[in-house]
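Data block below; observations after.
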Amino acid sequence: MTTSNLHMYVMAVPLITAMFVNMLGRISPKYVAPLTLGALGFSSLASLGVLRQVLEYGGYSYTVGNWAPPMGIELVIDPLSALMLLLISVVSLLATLSALPMVAKEQAGKEHLFFTLYLILIAGLMGLVMTGDAFNLYVLLEITSITTYGLIAMGKGRAPLASFNYVIMGSVGACFYLLGVGYLYILTGSLNMADIASILPQLGGGAAVATALGFILVGLWIKMALFPLHGWLPNAYSLAPTGAGLLVAPLMTKVSIYLMIRVMFSVFGADYLFVQNPLVQSGMVWLASAGIICASCMALAQRNLKRMLTYIIVAEVGYMVGGVWLANSIGMTGAILHIVNDALMTLCLFLVVAAIAYRTGSLEFDNLRGIYKRMPITMAAFTVGAFSMIGVPPTAGFFSKWYLILGGIEAGHWEYVIALLFSSLINAVLFFRIIEIAYFDGRGEQGKIQRDEAPLIMQGPLVLTAVALIAIGLGSGPLVQGIIKLALPAGF
Amino acid sequence: MKALAFVATLVIGAILLYGTMDFPAFGDPQSPASTHLSSYYIEQAIDETHVPNLVTAILGDYRGYDTMFETVVIYCAGLAVVCVLRRSKP
Amino acid sequence: MSYHTSIWPLAAVLISLLGAIPIMLSDRRPNLRESWTILIAFTKVMIVASMLPTVLNGGGFVFTIAEVIPNVPIELRVDAMGMFFALVASILWLFTSLYSIGYMRALDEHDQTRYFASFAVAISATLGVAFSANLLTLYLFYEMLSLSTYPLVTHHNDAEAKTSGRKYLTYILGTSIGLALPAMLIVYSFAGTLDFKIGGILAGTGATPQTLALVLILFLFGFAKAGLMPFHGWLPAAMVAPTPVSAFLHGVAVVKVGVFSILRVIFHIFGPDLLFEVNLGVVITTIASITILTASLVALTQDNLKRRLAYSTIGQLAYMILGAGMLTAAGMTGGLLHIAMHAFGKITLFFCAGAIYVAAGKKYISQMDGLGRRMPLTYLAFMLGSISIIGMPPLGGFISKWNLVIGAVNGDQLILLLVLLTSTLLNAAYFMPIVYRGFFAKAADPVFDEGIKEAPLFCLVPLLATACASMTLFFYPDIFLRLAKLALFP
Amino acid sequence: MRLLQERTANQKSSDSPIIQTSVRIMVPFIQLFGLYVIVHGHYSPGGGFQGGVILGASFVLLALAFDLKTSIRYMSESVNNILGNAGVLIFTGVAVLCSLFGGLFLDYSALDVIIPMGPIEWRSFGIFLVEVGVGLAVMSILVSLFWDLGSAGGMDEGL
Amino acid sequence: MIWSIDLLILLLVVFCAVAAITVKDLLSATVIFGVYSFLMCLLWAEMGAVDVAFTEATVGAGISTVLFIAAILHTSRRSKD
Amino acid sequence: MEDFLAIIVAKYNYWLYVVLMMIGFYAMIGKRNLVKKLIGMNIFQTAIILMFVSAGAKFNATIPILNKYEVLKHGADATKVVNPLPHVLMLTAIVVGVSVTGVALAILIRVYREYGTLEEDEILEKLGQ
């Protein structure tokens, strides 16, 4: 076989390193950092190689165990999954840099356990974006879920309760997904996505296919916290230990959206989804719009930075789901671009959260007064992240929003356009409220506030992410033309 | 709350029942699930792996990738419980 | 018209953006910091001026920064219209820098570094707007300007400043995201490009008149920096900022950026021909006329000098849009020219207001009786400025207003003529009493006013210079006239 | 506090010599059966997972009949941890090894390079290796699950 | 596979499931759940899924129940519904 | 009526799995006791497993463990052997189920430590204070 195994190593190295982190970390916590960083660094480089390879020679399918696809498990490495692979590895590498001091502070004595789960979670996410098998997807989904349950429950106070609610909701979601897969299996006798896709049209729709679609999608929606099913997310993410939030918040929902795209277009096909069921399609856009507006409004009511961000995550999910269901190529481009951008924006803001939590330990708005004087670099990065969330050019967030709105205009879904604009405005209010507190309050406090930045290892990724946001914004032309155009699912 | 849960349960049950309408009859050897992949496994697995227990053959080889992650899942569960519960010893 | 690829446009924009860095770094050393400010301002004028001859000869420069969206790069292009605005902005910035130093030092303000840095970013954004080659680039710099002026508005850090800052952002960001952005996207979805092109890009794209009208209205109100009613509320609120900010940004740069953006849209996105065809000029002129009259009337009632100037600005801005909306050659020229003429006049007035505050600590017109005798030079400049705004010879304002009147006559739009004349009377009515009371009224508390002298030299020189410039423009309006003609009828 | 006393009272009552002795006798047989299930997975129902659970159950039984400390004496915590890691490592290691030796991920026949015994036999043997890994991992994880849940994380007397 | 036995066990399973979620004492509920698992495992063995049945017997009826009991002994037995 | 009965008889397994699933689902979202929720989750999972296993069942078929030498000589008859694939999938599902249960129980103990109760409404009451 000439096919390269590189993408397998991207996933396998963090997985195997996890065991070593667990074993060696028991002996001394000093082994944890080099192992984790080394594995993720390797993954980042390797996934870059995979992406280059895919862009040069086109996507390919990989047969695990050398069994031809419907028998064995197939992995699909196309530009979209290669892009996601790179995104996951880079985001997790940056998040880890900041998580290391944070975990050492919050979870002293449990670093090795934390980072074992953490690395397995990353490996699970990487496996998720590669897989082309419906059941394998379920298993990987459960890996990511269980690790996340554990990571979140490590938090203090109310965290276990939030985590328990997440367990229940997550199990319902996973079970629904499995139900859908079961229906598909009973109908087609296959678990391979491409194979199912080739058999489904012969069945000609029907009640069972529709039920399968419904349950698979609802399962994934619960996992991605789409609006009416989002109840578990704000508590779970805001109460999670900061180190876990750094990884979970930017990646989990985005990967779920990727999975939705994968399942929708690799299994059911654009024709079945959009042409045969136009009502569902426009209904979904309405739902996404409602979700954006409601989540934005709920974000307004929060008085805690981290909690506010979790509601923004819910709103952003609405952006991407709406973009996918607009059923045109511009909307789809916007959704995929927004997956990348939103992962980085959320990462940037959560890195800021981590840096502030590291120094002050509190994220209530009232305690952020004059924080600019204390942590100027952190707050500068926060400003860039906030601008990106609002959608101020030339930060990355503007350009994905551009495509999404354009897609909405093209599809004639004005409610979606209005929802996006409304949410941008709300975001402006949300973030300027904090900027006002951070920059212009706190003059009344006596004495000059000393500069007290987070350690360099936390600042580095922060600055890097902020710069990346602007760089991706300016480079979004080549990004869209060179990668995302190739990554659009078939039929666009 | 309970009433809502009850209604949701009924709705979901009804949808699932509605979905089963298209299913092949129970125990039918000609259903797609029993013909498409499974006949390949039954006929070829022993030739290809020399393992008489088909379930083991599929579990360990054809779908070994799943099984690997299954092991990782339970490993994670063990770790997660330690993370969540165990008080760190001095 | 041929454009050379050149780094100069980028240099002109970036110099003050990068200049913000040394300004921030020399936080502890005010002298060094202010030398930087002046040095950068001077270099900037030089760079802009060096490009002037080429533009006057019908050439131009272009520089592409990044290709971000298909057919829409982030691109800077120096054409006549951009040059026109850039020239005004960069020259006035030089004066404002000098004036700021005097003002801030005299009042011993806090956070001066933040002030100067934000100022540098703001002027950078202003030039960016001037040199934008397409609507996206313009929008980018427009937002940058909004955000960089926010710290200036909230400069005082107190409750009033914060309320004003909030109001400012709500209006400016709200309209630009809520109205201008969708308008831009609709244009893009029709035309497939956002490039500024003489004659417009919307003609022949199949957009219905209703859509065009919608887009036009979205743009008119979306660029709320132009202060068209009812989206003018931010301007009086923003007057809590230090006076140089009001003078330069809210008298010149920010508001003119709004007007400039609208003119760009009218001239180079829609194109006068298309507007004429579907008869949309009426929409523009109606909105502008209402704004002119209402703002002038409100200005009459204001006692706070800066607020009166703010309302005057709102009215004057609408003149420029009114001129463009006439869709006649003279009208459009007049509208464009009024950007320059009003800028020199209004900045003088604001400088004077600041000088009065520095020297006498007075904000309200009713307290200023007899002050002209204590500060004769300041009041002289104030008089010149107001004459220019009213539009009487021998000051620059006359030229643009004359063109506007001609435009109204040529277009057989007698109602507009009436509007122009009425508002001129109103202008006189709210400016002349100030001058009159300054020179001739008896001071209420002469003993208290005893110690008042002219403002410091750093304040006084710039305001005299701009007043003189305003007068010079009446006699030598050539450069601006030629640029305006080049911009409109190449 | 009262709950704790009740629990210790329960503890006493369950310390019956009959149960303890029979468990002591049964445990080796259960473990033998567990090993059999793992090893014989190719030919009969069972395999790594079921065998691992049975092995784990033997330790759980010990912990139930005596107390947690006794079961920890039989298999210390760190040994348990190493076994668990080793189990998963065997599986993933074999998988990666396959790809390192020129095959695809988890393609056991590629290991023919190391000991040439035919690709099909290697598949059979590969499955066996993997099952052993699964068995080890499952056993140790179940034991640790019970230890933690049974003592609420304290690793003391247990139930 | 004999469908009448099948049906009988299925009905018992449903009965156990209902009992497991209605019984007020959690320890009883857990034990009933163990019975449920065991019946399930019979059902599967009878359908020819010996491996699944074996696993369910060891896990569902064995380990799961033990874990449940362990957790309940450390928390509380009572349930309001 | 005949047809209807025929449908019921032909698919009684699927029907009963739906009933079990409904019981489990109701317990998960309707019951207020956290342990009951977990029991419901397990019932839900076994219901799904039942569905999969039913999908693989065949009338008059043997278990999927064959005689190696016989098969190597004569080959196997696919209609006479139960479909092994769903069994494999469900082994995995069972493992996943017990893993989730384990983690959930651990979290439960933490919740109890924090609030001293396992009733959702009582916990909410305590949170409200």
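When the chains are written out, they are named A, B, C, D, E and F in that same order, and each has its own residue count from 1.
The rule we apply is simple: contacts are C-beta pairs under 8 Å (C-beta built on N, C-alpha and C of every residue); 3 or more make two chains touch, one makes a residue touch a chain.
Everything quoted here is computed from the prediction, not taken from an experiment.
Asker: Please give the intersection of the contact partners of subunit B with those of subunit E.
Answerer: In this structure, the chains that contact subunit E and also subunit B are D, F.
Asker: Starting from the Cα centroid of subunit F, hunt down the chain whose centroid lies farthest away.
Answerer: Relative to subunit F, the chain whose C-alpha centre sits farthest away is C.
Asker: Could you let me know which interface, B-D or D-F, is made of more C-beta pairs in contact?
Answerer: Contact tally favours B-D.
Asker: Compute the distance, rounded to whole Å, between the mean C-alpha positions of subunit A and subunit E.
Answerer: 37
Asker: How many angstrom lie between the CA centroids of subunit C and subunit F, rounded to a whole number?
Answerer: Averaging C-alpha atoms per chain gives centres 71 Å apart.
Asker: Could you grab the centroid distance between subunit C and subunit D? Build each centroid from C-alpha atoms only and quote it in angstrom.
Answerer: Subunit C and subunit D have C-alpha centres separated by 78 Å.
Asker: Could you state the distance in Å from the CA-based centre of subunit B to that of subunit F?
Answerer: Centre separation, subunit B to subunit F: 9 Å.
Asker: What parts of subunit E, by residue number, touch at least two of the other chains?
Answerer: Residue numbers touching two or more other chains: 1, 50-51, 55, 59, 63, 67, 70-71, 74.
Asker: Could you check subunit F for residues that touch two or more other chains and list them?
Answerer: In subunit F, the residues touching two or more other chains are 12-13, 19, 21, 25-26, 29, 54-59, 61, 63-65, 85-87, 89, 91-92, 95-96, 98-100, 102-103, 105-110.
Asker: Using the touch rule from the top of the page, what residues of subunit B touch 2 or more other chains?
Answerer: Subunit B, residues with two or more chain partners: 16, 20, 23, 27, 31, 33-35, 37-38, 41, 47, 50-53, 55-56, 59, 61, 63-67, 70, 72-78, 80-82, 84-85.
Asker: Which residues of subunit B touch subunit F once you look at their complex with the stated criterion?
Answerer: 1-2, 5-6, 8-10, 12-13, 16-17, 20, 23, 25-29, 31, 33-35, 37-39, 41-43, 45-47, 50-55, 58-59, 63, 66-67, 70, 73-74, 76-78, 80-81, 84-85
Asker: Per the contact definition, I'd like the list of subunit B residues that touch subunit A in the complex.
Answerer: 15-16, 18-24, 31-38, 40-41, 61-66, 69-70, 72-73, 75-77, 79-84, 88
Asker: Which stretch or stretches of subunit D touch subunit A in the complex?
Answerer: Subunit D reaches subunit A through residues 78, 81-82, 85, 88-89, 92-93, 95-96, 99, 103-110.
Asker: Applying the document's contact rule, which stretches of subunit F touch subunit A when the two form their complex?
Answerer: Those residues of subunit F that touch subunit A are 21, 25, 28-29, 34, 37, 41, 44-45, 48, 51-52, 55, 85-86, 89, 92-93, 96, 99-100, 103-104, 106-108, 110-111, 114-115, 123, 127.
Asker: Which residues, counting only subunit A, touch subunit D once they are in their complex?
Answerer: My answer: residues 1, 3, 5, 8-9, 12, 15-16, 19, 22-23, 26, 62-66.
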